[in-house]
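The same subunit A turns up in both complexes below, where it pairs with subunit B and then with subunit C.
Up next is the complex of A and B:
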């Protein structure tokens, strides 16, 4: 499966691949003209020509260079690992170690030790950890390696097929040698840029920021030109490309994409990208720009490439990025309560909150200020800690975008001690492992009469683990393939496991994009709120149902009968309600924003 | 190699139209010269990487159009510039007389934190024309003006022959650097949770 997962990761990330058209090399992309016509020309030259789905049209028909050029991330991978290695070294000099186990991630966020509030718990832990942990100098790379192992071993069980996510980001920035003159660069399906209001590049998903300085200046000129007319540029369409702009004070964010994602989704992704930047630096950077418009923030972001590539990658697999909700690891109610009780002890020591997570799934979350933790912040935090040191300053943009908190991050597994001992004794970690290997809600298990059941996902002692990759069935009843249920009140969602009709990462990504579109169309302010939507295309029947309490997104076999599908959706909702104390974190006060 | 971080320098080139701004930039970046005159419309951007005192720099060069009617990029255009290059044609008196206006225009629009010491460089271009016989702005005159504006470095160049262009841009980079301010202190606040609690979650900014 190791090789399986790596091939999956490269092939499933469509943006990685080229769109296969000859770029229009004649147009000088680094110049801007005063007339709007010229700006349009600009954009179409930035955006190149009509992109063509690379699956239907092999790019090799047109030219030879990209294929070999596009997958040589290995040399740069080692370079980025080296960079992160040095982060590891600096963290070790702070004397706090990082336990690099992968079962759960515990994050405590606490105020700065200050006066009466001396945050006893975490500083104490940090000390013990420093002495008991393995040599920290290599921790950056170790984390990377272990997570990678983790990804493939879970893949082995076939339970988390959605795993293209887990290896890709690790490489950090890819194709760093490209610039806007490279044909391969021009063919990337989705670019992200961050630049300052003076036109200096801050971040680019692909290519070297400095080499893209001219391109960056062009973007700034376009934005300022429109701004000068008292207007704001939000979206420019050029052929199949969309250029989406987001201005956040002195920071400009731009996405150029031919993925056909809705504008609202792309814009949401830019918001998250900005949020991630704020999580790392806080909005105090605005002040630096105010004082000195030449301010260069790239040094402050040094070594964070992996965080951004990981986030950008999650835009194509993690529903939390557009649902604005988080998801929990399915667990027996008592297990989660046990975990919460243990975390509560931690939280009582003066931290803002404590979360126990498994990858991007929450096991438990406690804390006085729970109400202030926005799901987007959780997403950004989880994305950040994957690559972070054990004790690091972070900002939660939705909590307070101007200031830092300190996050204590600790990786746990069954063999380790302290908190974990308590967790292990109480069987929480074993249960977590079991949930990971057995999966949560499987559509094959959708009860005929949900309420008649025990109301538990875990009463079945011997649930079959699906055999990976082999088509054993056609999904759930009546052609149900998949669903996502989002509880509006809880700000949480649950997603069914992927059944065989969508076992391939390509299929999963396509479904993800379909949900994303569905979500955007259901939330389109111009059209007004929809209650239900039923659409059939060659790939699926998609059904969406929005009420005051929940949103249900379901995918069926394209031949599914409408009436039956609606009945199945009712059953799914009932099922979710029956097992809600295992799939959701209940009892949390509703988030207050 | 214990190299310090790379730096990006934003350089803006100003001057009347036809004095050779675009040509100078092309000569410097691409080592090319064309006799064809093609008016720059709006702005043009070129970049060049240079090594200087074992540091790597990227010059982000913003070429402008001299024509008054194309000045609409305004503030946004000049913002965050590290150096401003003023160009005149030594064969055209009017282009020299405009330098003051260009300088002022820049200082107003860019409003740099320390205008007195903002790095300018003046280039007297096209010294090759007619073997220097049609020249109307003498080196002495140009230097006197530069001295009066706080000792602005002055170079005589020919974009056509490539004369002095490299040296001029090296000085531009050097000056941009000299003006590099003490690294901006970046000290964000930390949250005092105890106080926040008393204020009943007023910390939420949404």
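Up next is the complex of A and C:
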């Protein structure tokens, strides 16, 4: 699998380069006459929007719309998160029982959840959510196995939208009735579009793809217009809006956003979106476009809306989407070793990778010596598995050698049952549950005395299991609000739990965006990476420290004292080192990318 | 001719620059009507239309999502397209090639400030583009004016046959701001008294005076906007430094080429070659007369007696037409602006005014010049040891920076890093939307090369500093900023 994808991607690089190396002047001038008509057509399709635009301009109606209508649904997101949290609370008491029921009892679990959550808008796809443990057969003969807990029914930490994919999934596609003529559509904060190089819509975050055909053609016109001039458009900025373009062979991806995220982050998100699509369809999709440039890809992605909306949602809560690292569920070292040993047994049977995950957090991961799993691939895989059934695109040559089919694969073999039984017996599941309910690194537990080695996250006497499913701290010493520590050689990060000054999902989203900007600034392609950055604005004091071994991102109260903040950052680094065998997966597999 | 056209062709790959009017050429086949200015002018029309078509398309497209602020920049792999809506529906678009090798690394706001400067200077001398277009709907008049004006302006950026636009090496400069001379108390009183004397010379005409020492502003009675425009004109065409380097050779043959192009452009219009185009930015046209007044024949010569016509310009806010009268004594340049309407007897009145100035103010002028020259620390007067800085006061449109000679000692890495930080602050400011004054921002970066690159922004003031030889701790860097702020910014950036 790994070699396949790498060779495919290198060939695309070549394509891109050769396209970029067109002798620009000649092409430009010679093709102008020919393309002028085309430009007329292309730009007239842009102009088509003008009357609508003018009509909406003087209108004041939309100013009176409730904010939730025009806000990108974030308030709605938080509302549904709250709903979900309340479910988490009510069901956490019976959490342990559910662990045993991975295979058989899910039917009992789901109706309850569905009864609470499903709305008229939920897609038919939601009804199919079924198995909670599904070895996934993805992409060809290599088997990637994934054991997935049934996230929604386990005790929730109540503060962090730990499993937002679940809500997304249930919701499915939002606002499908909108199109580019709708004011509400135009006011959405973040659009994502995927289209083919012939201008056919493939995916749109909001609105009905078919109704957006004209808009899609406009995007295509802009991209090819610049391409005809021997260049490649990357970004258009207008006021608070950014339009970011990414061309991947025959597939064009566009993000239109007013979220103040830096260009590099938005581009990275488009890369992930493309990666998700390739994860589902493989690069052989390019061949379809070679055969027929007007090829319509939408049917192939039918029913996968939830995968994409979940991924897009994760862009605003999951640091893995910009850190290019994964995170582990905090566990006692021995527990993780036990889990690894169990996985290793599975791996012996010729499996390329085996990952045991809890929501988006890794419990253990084993792989073949030479194989490497990139954190971005893990992110995409986890997102796919969490949001959807294990559907794999396959082709049945005798049926139709040109057609993709979906195969639903679920091995109810002896192995599956054994793993589960072993995990249960070995106490791993109990430990996982404990870790989930106790939370990870809480900044108020930061050892203030530099000489004190806390040693373990799990033996602090004053730690108490929250009774109501919420872990809300009061903030750390010296105004510390939050931190993310990324270990460079492990490709892993650990993120502290959120303290009260940023307990609301809105505040968390804002902090993630601030981290994103900080990350982009530190890793600037032209001048980076920088070594240290201190940044103070009306919202935070942010400190970033990049060394060869690790990167630390810390957020403080905006009034925090510089000197004290630096001392606290040193403490955080020490603390992370003290407990690293519980928060990181150490020395499991040599990664070689 | 051969030489100059070769020069223009070489530079055309690096720079395209157009001005177009969205209200014109709405019908098919009339698209050329939109184009008011295009550089390089010899680019085939279809290629010109393709630049304008893309710009127009994206203006329309971005308005779908951002009706209040349309397209500002297109970043492509090889080019940046910088947009500026100079007047409603009249757009200026500059397309610059990017290249690491040729140091073509840009800060968009720095390029946009070039566009803004071109437009405000154009308005100062010719009035608004829309008014010109309304006066002569054919557009020939406007096109000729824009062409000669902008070509004369762009000449300032021409090095050999290459345009050198403000790039990352100019990160510690702020175009469109005024640099002030710091004067002591005693000198300030003298200056005040001189301003009074100048006022009385102008009598009841309600004129304005601007005084410069070298390339620095000493005093102004104009509004900030008009001061900025006049200041940038004076420091590029009138001050002693400019006059002494006046006839240098770098631009002379190119000027000839442009003159040819200019006349061609007039032909492009509606055959209006007959009318005279005033070229206020033409090089080497100003000189100092025996009486100390600066003279130029840019505005023509009176028939018969060969006396040059007094230059005129427009004030931005009041839209009054003013006579410009400049007097120079050693390093001191004095500019008087007198309303045309109050000078009933025209040129005659101007020479009377000049006479009055010589009689009533020249003693004061000599005294002020002496005082200022004595207190003047030379070109490195505002150098602060160990610091490379830029201080901008956005409210008053004033900036002060390390002398250029000192900035060039910085490494390329440091300059690139401060360029990035400035971009960052530009973005933050544009996000502020209205409450910019409240924006309080502090960025301290230790770059790869161990230099500290620092930006502070508070209450409309911005401070950028590069410290290359500083200690490694953040606290040390912060302390250095505090010291600088206390000493040179009246504590504007101090934390307590």
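Quick note on the criterion: the second predicted complex is superposed on the first by the 375 of 593 C-alpha atoms of A that agree within 3 Å, B and C clash if a C-alpha of one lies under 4 Å from a C-alpha of the other, contacts with A are read in each partner's own complex, and residues count from 1 in each chain.
Simple rule for what comes next: contacts are C-beta pairs under 8 Å (C-beta built on N, C-alpha and C of every residue); 3 or more make two chains touch, one makes a residue touch a chain.
Just so it is clear, the structure is predicted and the values come from calculations on it, not from any experiment.
Once chain A of one complex is fitted onto chain A of the other, the partner contacts of A:525 are absent, as it touches neither subunit B nor subunit C. In the superposition on chain A, A:535 makes contact with subunit C only, while subunit B stays out of contact range.
Contact with subunit C, but none with subunit B, is seen for A:240 once the two complexes are overlaid on the shared chain.
Of the two partner chains placed by the overlay, only subunit C lies in contact with A:563; subunit B stays clear of it. Judged by the touch definition given at the top, the superposed model places A:231 against subunit C, while subunit B stays out of reach.
Applying the stated contact rule after C-alpha superposition, one finds that A:186 touches subunit C and leaves subunit B untouched.
Contacts of A:217 after superposition on the shared chain: subunit B is touched, whereas subunit C is not. Applying the stated touch rule to the two superposed structures, the overlap between the subunit B and subunit C interfaces on subunit A comprises residues 28, 32-33, 35, 218, 221, 225. Those residues of subunit A that touch subunit B in the shared complex are 28, 30-35, 38, 110-112, 114-117, 196-201, 210-211, 213-214, 216-218, 220-221, 223-225, 227-228, 281-282, 284-285, 288, 291-296, 298-300, 302, 350, 352, 368-369, 371-372, 374, 393, 395, 398-406, 592-593. Of all residues in subunit C, those touching subunit A in their complex are 13, 28, 44, 46-47, 49-50, 53-54, 56-58, 60-79, 105, 413, 416-417, 420, 424, 428, 430-431, 433, 438-448, 450, 474-475, 478. By the touch rule above, subunit B contacts subunit A in their complex via residues 5-8, 10, 40-47, 49, 58, 60, 62, 70, 72-77, 79-82, 113, 181, 184, 186-194, 196-197, 201, 203-206.
Residues 20, 24-25, 28-29, 32-33, 35-36, 39-40, 42-43, 46-47, 49-50, 53, 56-57, 180, 186, 218, 221-222, 225-226, 229-241, 243, 256, 258, 260, 263, 521, 524, 526-538, 562-563, 566 of subunit A are the ones that touch subunit C when the two sit in their complex.
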